[in-house]
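Dumping the structure here so I can ask a few things about it.
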Amino acid sequence: MMTGAAMQDDVRISPVHLKAVAGPGQPEPSPELEELYRGFERERLVPLWTEIGDLMPRHPRSKASAHVWRWSRLKALAAEAGRIVPVGRGGERRAIALANPSLGGRPFATPTLWAAIQYLMPGENAPEHRHTQHAFRFVVEGEGVWTVVNGDPVRMSRGDFLPQAGWNWHAHHNAASQPMAWIDGLDIPFAYYTESQFFEHGRDRIAAVEQTTPERSRAERLWGHPGLRPLSQPDAPAASPLLAYRWTDTDRALSDQFALEAEGHAATVSPGHAAVRFTNPSNGRDVMPTIRAEMHRLRAGASNRVAREVGSSVFQVFDGTGTVTVGERSWSVERGDLFVVPSWVPFSATASSEAALDLFRFADAPIFEALHAHRAQLDE
Amino acid sequence: MMTGAAMQDDVRISPVHLKAVAGPGQPEPSPELEELYRGFERERLVPLWTEIGDLMPRHPRSKASAHVWRWSRLKALAAEAGRIVPVGRGGERRAIALANPSLGGRPFATPTLWAAIQYLMPGENAPEHRHTQHAFRFVVEGEGVWTVVNGDPVRMSRGDFLPQAGWNWHAHHNAASQPMAWIDGLDIPFAYYTESQFFEHGRDRIAAVEQTTPERSRAERLWGHPGLRPLSQPDAPAASPLLAYRWTDTDRALSDQFALEAEGHAATVSPGHAAVRFTNPSNGRDVMPTIRAEMHRLRAGASNRVAREVGSSVFQVFDGTGTVTVGERSWSVERGDLFVVPSWVPFSATASSEAALDLFRFADAPIFEALHAHRAQLDE
Amino acid sequence: MMTGAAMQDDVRISPVHLKAVAGPGQPEPSPELEELYRGFERERLVPLWTEIGDLMPRHPRSKASAHVWRWSRLKALAAEAGRIVPVGRGGERRAIALANPSLGGRPFATPTLWAAIQYLMPGENAPEHRHTQHAFRFVVEGEGVWTVVNGDPVRMSRGDFLPQAGWNWHAHHNAASQPMAWIDGLDIPFAYYTESQFFEHGRDRIAAVEQTTPERSRAERLWGHPGLRPLSQPDAPAASPLLAYRWTDTDRALSDQFALEAEGHAATVSPGHAAVRFTNPSNGRDVMPTIRAEMHRLRAGASNRVAREVGSSVFQVFDGTGTVTVGERSWSVERGDLFVVPSWVPFSATASSEAALDLFRFADAPIFEALHAHRAQLDE
Amino acid sequence: MMTGAAMQDDVRISPVHLKAVAGPGQPEPSPELEELYRGFERERLVPLWTEIGDLMPRHPRSKASAHVWRWSRLKALAAEAGRIVPVGRGGERRAIALANPSLGGRPFATPTLWAAIQYLMPGENAPEHRHTQHAFRFVVEGEGVWTVVNGDPVRMSRGDFLPQAGWNWHAHHNAASQPMAWIDGLDIPFAYYTESQFFEHGRDRIAAVEQTTPERSRAERLWGHPGLRPLSQPDAPAASPLLAYRWTDTDRALSDQFALEAEGHAATVSPGHAAVRFTNPSNGRDVMPTIRAEMHRLRAGASNRVAREVGSSVFQVFDGTGTVTVGERSWSVERGDLFVVPSWVPFSATASSEAALDLFRFADAPIFEALHAHRAQLDE
């Protein structure tokens, strides 16, 4: 039904083409080697010795590129889509995804992560559905949209982080007189490669009572009190039951870290670098089983320590300007710009001398931690 | 250095080609839509609405095919490779991998699992290395090779399951006067897609003292006693410290289940279907963080219950003959034959009326369980 | 050095006195049975058959009594102690403990829990020490004292819950011109019976810089933001790193639950009964490994459901008046009154018709949950 | 109904007697202090300052004594009890417990652990019951009794360790023509102090089919295969599902450790000291949530390293002779002798020069580990 127009499809029933090539670690080309390789092809076999360099590198060598997407251009294209592409059942969302230039045209920001700008016109509704892929919204600017999760309307405003764990019903409606844009993050590529996705349509239109616009969601009223757990909710769900992490809280937490640092206490990651992780209040772990989400703040003129880790990240500049370096590449960035850090590529950022640089980050690290495959190192 | 001759590489820096096509859930084709799509291409963007059917199906629709590989043909090709392809540093192993016909020619049995026949000539040595990919050996026939793991020689004989958890040094040497073949299972495709691999060369030749051929490995002497833990090893490693699960134990456990069933006690999975899982004795969990391994036995004439689950499996017939059904496909199978069951495809097997059917299975289920994404269902 | 004046000591080197008594399940008294019992005595032996009824009852039959202590009388005695008993090294704290009437005169509120009123005069300092027993403070009235935990001054005010996990250095100083009283809860009896206590003296007087009186502690600035974890603190400590749970948060959480209930959503434990548990934000579990702490609110005129559970609890009335029933006993209670609920004794409370009843509770339930020995049941 | 004849009951409703005594850390005796103490008594209060030395020592100072019980005398008294004390409902078991000389005459080997000799005459049956207290049997000599657990008859023979986790139905029957004695270990004192016990009677006589005498229990046939888990049992029970750990396995595991040590590999706890822990094969943890059980072997002439730890242990000499030192006390011990090591008291043992010394040990350490309260140290 869907066209998959952009996808460079590698799914096909095709014979394997093996060529005997001289080289270190390779058998000497010969007619009988060619004959052996023809036998491999017939039987759908491939030897390790021709593939090992690609499959088993000394350390991760990502298929993804470091790349930056400019918010101004994304925003303009999304606005144009808002004008001419309707939202409704089938297409489901007016979401436009970052397609890493070296991932074959697929809408994958990294090999495991999806990042998209979503755009909703005044009065529009995105129909209800649910899927096992974990998702979140992050709002770099604007307000006026409510996400309705299992019937609970959740306000979306600048700086808010809104997790949307797998298999929860959700819809969006724009209650304002302005369009609104935000980013969606999901583990779509991971679920795609590992083939673990389920999806269901819900109601085409949510009830009127769910289209109200409360300041605080029910989830926040139940779970949004620091260290306090409602006794009516004894279990620890695998993903966060708290549906909104508000900017006022995040901002205050980062400011507190800098204040503590100034008073001489260990509170920041490194001098000039404050950071918080969004966590599941029921178990203190990452907000969702496959996605880590954090907010980082670099003091004006400060840098973080150059580090690399297994797994990939997507960043969005929330505030300020600065320079980011991903492996060999460097860019000046400003509010809304998005960029990716592939697996095991060193990353650092420096805030401009005028103001702090706030970076929102999401990453696939929980996957590797759950499987005891995570590694990280500081480069200096 | 390595050629990657067989790989249909999807890693390229290429523009995205988006085509406006009419259809349900798609915007009406128009010049301005075409223009929008050109903008998406320039900015490395892909909309959700053209891709959602492929990325977010109602349930997993695997890119992999159900497929069977015949042991007799694998064995013959491996023997020929034994004759003309040397084993040594660079190629590392004379391993020939199953390439699922619909995974683009890659040496991937399923989207997450690697399965290969490995072949070692009399007196040959495979050089030492280590990698973060988890591996195991399973021996459908033959004997005479010892795998040396961190200096501990481990005998390999018919029916033995030999885990080789990530980042352990290992080499193989054939101490017999006959060639020997066995299968290797690894999580190479999973590590490839998620980009989490590390690899190191060890010694080109292990020491003479490590080339001894003890009946029992040190690991078995420390960890191979039921329910008994050596006090000198207080920690619970993420992967099994027991380096060999012997056929005599496995066989007896399965026989015991059938005997208990005959006496009227709940011991089998279903009538006529006995099964054990190879587990890490230090924590009772799967033998390795990403790989589940099991031995199943169907009584003569018996079938297992038709079931499907998230994630993929590779089976090898260890003994007996029978019929296996994977989705729409069915095959008669015999000793050594290998076949794959893709994600969410129903599977069942029936033993011939003459003898029990023993099936070795390995699967990626621990990945999904760790991430709270596992689902399974019985189909009847 | 200490006198242990109140303790009815059962520690003595004494022979066992066994008497043959006729009865169900008992052997017939006879001279040779008497002779056998004399042999048991000589060899320090006791048969099961004479003791089983006491040791292995059908369900817990607590040695502790249900009992109430009146705040007005505690407060008056504590004030008198403030006048004539100095605070200093050796006695360590001006703490006066509830001694359950049927626990042999020991200062144990229940077989596992200690509860005391602590009292500090204006300008007084309680010297620094640390111990493995877990502790907390709860403030039913007053303010002006700061607890200094590992050098971090923590304000204490009405309604605040202040955990003091084992092995943290702590001292108290009263910075106000009024005396202040609060309650201490600890697992002293549990540690006493199981013999797992360590204790160390710290400085007799903390530094001037630690005697400041900040509104918020460093712990709150690091950990007091809902769902946000400081990246500089990657580990999950066994006990809460958050040193104060403020009344404004607790009160709001309870009010939110009632508001949600009024809107028709599941948020309260039962109609008219809101409750929160104080949890460790790093793992979502109980605030300390051996102590559960909660705040319950009953709407005016409402009752909780009659329930019993393994393990004991101590309650303090934080606000309102009402009636509490513990097994066969019932009392009218008001602000500050303390009472105990022994193991497996049914408990219920009813708020007066004029106002809500707020009950602070602490309990030993985490011990039983950790050991898989917890049971609870509703009695209706 | 039961007499509790031996118990020095500390449960009584009595006033507290507080005496003002001069001393370090104590307030100056005076009439008004006496008056304050009278007020404390009336209100059932006890100050911390008179009790802190006993309740909060620098490190555990056990109420229990180091003590040894001689097997020959226990055996003789048990045989005499076999002659004159019947086994049946009410008394339940002919079990005679070690009563630590300084625990007030209670049948408690240590403050948390019960150890008893149980004795069954030929043809006798001990009636079925179940209780939440965790139990085990250990057989220092003899054979002929089967324990029937949930209908599964389990053979008992010299050297076997037989866990009996809480809330399983169990009975014993002696199928031999000789009496049999063994030891029972339970957490009765722990459950008594913490008040968490449940108990139920089962059938007075088990069915004939349960009185068979199979060589292997059903539990062993399901769970007794190293590293192999029956697929029909997916869950990990909190206590071991394996009902017998056979001496042949334990003995071989210990011999293997010494052989590995002799070959130069790390396998023993320290030179000459081999040891295994009995573990739950479903999770690799201690065999029961509250009880650790181990077998230690000291090579002829060898000693273990002097160590102390939080919590108490009971040892029984399984084989050999030697010297054991518990704090200030030392004893020569031989087969069957039992002794206790109280909390935080240093312990060491030395095998005689003629033969290895095998020591069975059980301890309450899992309680402290679960509560993050465990500590241990080597003394030299």
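Each chain carries a letter (A, B, C and D) given by its place in the written order, and its residues are counted from 1.
Please note the rule applied: a contact is a pair of C-beta atoms (placed from the backbone, for glycine too) under 8 Å apart; a residue touches a chain by one contact, two chains touch by 3 or more.
Values in this document were obtained by computation on a predicted structure and should not be read as measured data.
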| item | value |
| --- | --- |
| Shortest walk length in steps over touching chains, chain B through to chain C | 2 |
| Inter-chain centre distance, chain A versus chain C - centres from mean C-alpha coordinates, in Å | 44 |
| Inter-chain centre distance, chain C versus chain D - centres from mean C-alpha coordinates, in Å | 29 |
| Chain centre separation (chain A, chain D; CA means) in Å | 53 |
| Residue numbers of chain D (touch at least two other chains) | none |
| Pairwise chain contacts, counting only pairs that touch as defined | A-B, A-C, B-D, C-D |
| Sites on chain C touched by chain D in the complex | 1-8, 10-21, 23-27, 30, 32-33, 36, 39-40, 43-65, 67, 69-70, 73-74, 77, 80-81, 84-86, 88-107, 111-112, 116, 131-133, 166, 188, 190-200, 238-239, 289-290, 310-312, 342-344, 364, 366-368, 370-373, 375 |
| Residues on chain B engaged by chain D in the complex (per definition of touch) | 218, 221-232, 236, 240, 242, 245, 249-250, 252-253, 256-257, 259-260, 265-269, 275-284, 287, 294, 296 |
